[in-house]
Amino acid sequence: MSTASATRESARALARDRRRQAWSRNWRTFRSHRSGLIGLAILTGFAVVAVLAPLIAPAEGLEVTKATGGVLEPPSSEYWLGTDDKGRSVLTLLIWGARISLFVGLAATVISMVIGTLIGLTSGYFGGWAGAILFRVTEWFLVIPFLPLAIVMATVLGRSLLNIVIVIGVTSWPGTALLIRAQTLTIRERPYLERARVLGAGPSHQIRRHILPNVMPMVFANTTLTVAVAILTETTLSFLGLGDPTRVSWGSMLDDAFSVGAITTGAWWFIVPPGVCVVLVVLSFTLVGQALEEVLNPRLGAGR
Amino acid sequence: MTHLLELDDVSVTYVTAGGDVPAVRGVSLSVAAGEVVGVAGESGCGKSTVAATILRLQPPSARVTGRVLFEGEDVQTMKWGALRALRWAGASMVFQGALHSLNPVQRVGAQISEPIRLHEPDLSDKKVETRVGELLEQVGLPRQRARAYPHQLSGGQRQRVMIAMALACRPRLIVADEPTTALDVMVQAQVLHVLQGLVSDLDVGLLMISHDLSVLADLCDRIAVMYAGRVVEHGPADKVFADPLHPYAGALSASFPRIGDVAARYAPAGLPGDPPDPAELPSGCSFHPRCPKRFDDCDKVAPELRSDGTSRAAACLLVEPR
Amino acid sequence: MTILGRADYGRGGESQEDNLDSASSGRHGTYGRYLLGRCLGSLGSLAFMLLLSFFLFRVLPGDPARTLGRGRFTTPEQLDEFKRTYGLDQPLPQQFLTFLQNTLSGDLGISLRYRVPVSDLILDRMWPTILLVGTSTILAGAIGIWLGVRGAWERGSKFDKVSTGGSLTLYSMPEWWLGLLFIAVFAVGWGPIPGLFPTGGLHSIDAEPGTISGVLDTIWHLFLPVLTLTLAYLADYALIMRSSLLDELGEDYLTTARAKGLRDVQVRNRHAVRNALLPTTTVVALSLGFVVTGAITIETVFSIPGLGLLATEALTVPDYWVLQGTFLVASFAVILANLAANLVYGLLDPRVRT
């Protein structure tokens, strides 16, 4: 009895050790991707700003009634990035906008990942009729034109942050599902899984112990790329006036700028900074995602 | 007599970020017109790299020294125009793994005719088509197969297409790199039969590369056995197979892998361990860690290929000139 | 049903391979079957879209009449009248049948704002969108593929680094923001740069349609929006072309081609690029399906009276039936493009149809 538990203990330690080794090996490979590292640094910067927003720029700076600046003032020593049409500091808006963009991006990605992984795993592992039907459903969702859908849902359900998250989450999972299905299909045929089956492992054990750990790296890399798309989508939806009217995001700032005619009046400080922030964050997520893909996907790593 | 192909002290080194990796170290070899020469050895011994140098197909990261002479001219240093003219019309190749070596989305007929149109641009379409049909029939396939795509053919058929393609421009030399690997026993025998018949009918030189010594012994006039980038034994095919001088050739011969046994390719029976990593070769004779007959000096002295006084040579301290 | 069909000809392919010397007959039959399977699949998608659309507009809102007539009706009688007109007082299955019947016969309802049939509105607004997105897709396809091919072929070169970096940046950029910048710089004018182009619209008020000056006027108006959309699409195509060509470059058949004595350029164009074009073609065809989606933001920014602008305008009213109409058209375009992409792929790549 005690020997058995000792064996199990040492086996677990071995697994933990191996995992730690794999992590440090992956980290070393990742570090050799300069663009990925730069992306990671930029993202860390934005994340810190988003978390510390209340400390850096007090929340009352967002309230229209307490605005102290003039209308569309150009950058000055007091307002580094000028003011918006209501006299608020653009920098403050930008800092608080980071919170919304990152939150929506991450939350939508979580939804998309959960649905995508679940459906991809099931349709890949079980095959047969159920798998075929799930595959079909995935294909159907893949062709939903998401922007018209988002417009419709915002009209039907009203405008809120949650709706945006749901719309993005629901329309972005099929890509993930197809990817994971393909991975599961190849892993299912590998000898060690056959061995596990022969030894009497049930489907849940096989999925948890063998398939999931092998699929997870792909999911992880894909997640990063999905966040990029989700943030872009959030910005677009907010720009079209479909965002939460009570919150400031980069997209809603640009919507304001567009509708008050910041373009014709030449108030570049109201148009350029939010867009640059979007590009930086999305580009960083893309670069990190690409680097991760190359680190975690052995085929790509060896081939290129 | 001048040889069709002559490799003179050829070395190939892959230049990588982790340092230089010697894949081939000082190989000398020759093929005369109408002669069939075999190169045997395990995976990773450098035999495919040798084959690649013959048409200067090695990757850009490879550094080649020594001379690769085709009809007296150095392939490695000749002008690109001359090299392109030599490719396929002078010497052609049958690659291993026809599935990947054929373009998956072109009809096989188009792929066979491509080099013909390239090297004989004056030939009319009708004549090219006739030639393609003849070539297919030569390798035992019906003419209509020209319209098939590679994935519509079986493994053996694809390999026959590769052979037909290699014959397309009536080359003087054919280099066949593992032409029958991954085929099952019956098909392998058929393909070898086709190859053998063509060589004796057309009087071309054939350099045949295989892990399977028994196949080579059947087909070749001479055999060179390679290990870790070097030729370790060289001599008439029947002698090398029946009475090998070098312990490694002995192990290959003794393993006598059944035709089509893929596993045997990686681990010849009776020989423990793996071939060495070219980046970290053992000292002395590279074979000594696996050698059943090693003695004290084997890890210190690297033996040269020495003649035993007859038509045979081996690189082993145990081989004394007669 | 489709699934069965597909599995079936998978087996057909195998037996053909095993049969050593059978002439390769019936290949056209195979493409016919592939075609049929794909068409059935598209019909399935269409059915799903209709169902989804019904769900979105009649089931999800709970009481559609209330959402529909937000602020428009004062008395319960008016509300009941409205419900009767649109059949909203019927039970859901009955409503679904009516919806199907109407939609399939091309009746998409009457616009609440313009008081004309939605189908007429859509037909009217379709052309600017097709012109805008079509032109941009063709331009972006040509330039993007060229960039991708050159980048992959000279992998790691300065050209590759600049074009890949530029593509990634464009890919990360909301295309309408780029449009805003273009308007600010090239239409309004910025610093020493004079405003050269109109800020929006499809033609000037005094332009005469059908004349050469009228056509030139439209081109002048479309220049910036087409440029914006071209840059946005181009990034996608260049990245996809580059990565699929890189995938091909490792393949053995390129060594065969080189061994045959082909020049480098011939190896590239006849073999590598041709094969790498397959996935890229599919992506371009697919992206044509997102014609409405792509047009929404750009048409809003440049106020081009196309389908996209129609949708965003309907959003503020809200003009329910117009929204539903544009959603259906957008979905239909995607399904159609999907089918087209599959058919083209089937023609180009013999592997998928056997």
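Residue numbering begins at 1 within each chain, and the chains themselves are lettered A, B and C in the order written.
The rule we apply is simple: a residue touches a chain if its C-beta (ideal position, glycine included) is under 8 Å from a C-beta of that chain, and two chains touch if they have at least 3 such contacts.
This one's a predicted model, so the numbers in the text were calculated from it and none came from an experiment.
Participant: Spell out the chains that contact subunit B while also contacting subunit C.
Facilitator: none
Participant: Averaging each chain's C-alpha atoms to get its centre, pick out the one most distant from subunit A.
Facilitator: B
Participant: Calculate how many whole Å lie between the centre of subunit A and the centre of subunit B, each centre taken as the average of the chain's C-alpha atoms.
Facilitator: Between these chains, centre-to-centre, one finds 51 Å.
Participant: With centres defined as the mean C-alpha position, give me the subunit A-subunit C separation in Å.
Facilitator: 24
Participant: Residue numbers of subunit C touching subunit B in their complex, please.
Facilitator: 13, 16-18, 20-21, 23-24, 251-253, 255-263, 270-271, 274-275, 278, 348-351, 354
Participant: Can you list the residues on subunit C that touch subunit A in the complex?
Facilitator: Residues 2-3, 41, 44-45, 48-49, 52, 56-57, 60-61, 67, 168-169, 171-174, 176-177, 180-181, 183-184, 188, 190, 199, 246-247, 250, 289-290, 292-293, 296-297, 300-301, 311-312, 315-316, 318, 320, 323-324, 326-327, 330-331, 333-335, 338 of subunit C touch subunit A in their complex.
Participant: Under the stated contact criterion, what part of subunit B meets subunit C in this complex?
Facilitator: For this pair, the touching residues of subunit B are 55, 57, 84-89, 92-93, 95, 97, 100-105, 114-115, 118-119, 141-142, 144-145, 147-149, 151-154, 156-157.
Participant: Applying the document's contact rule, which stretches of subunit A touch subunit C when the two form their complex?
Facilitator: 132, 136, 139-140, 143-149, 151-157, 228, 232, 235-236, 239-242, 251, 254, 257-258, 263-264, 266, 268, 271-272, 275, 278-279, 282-283, 286-287, 303-304
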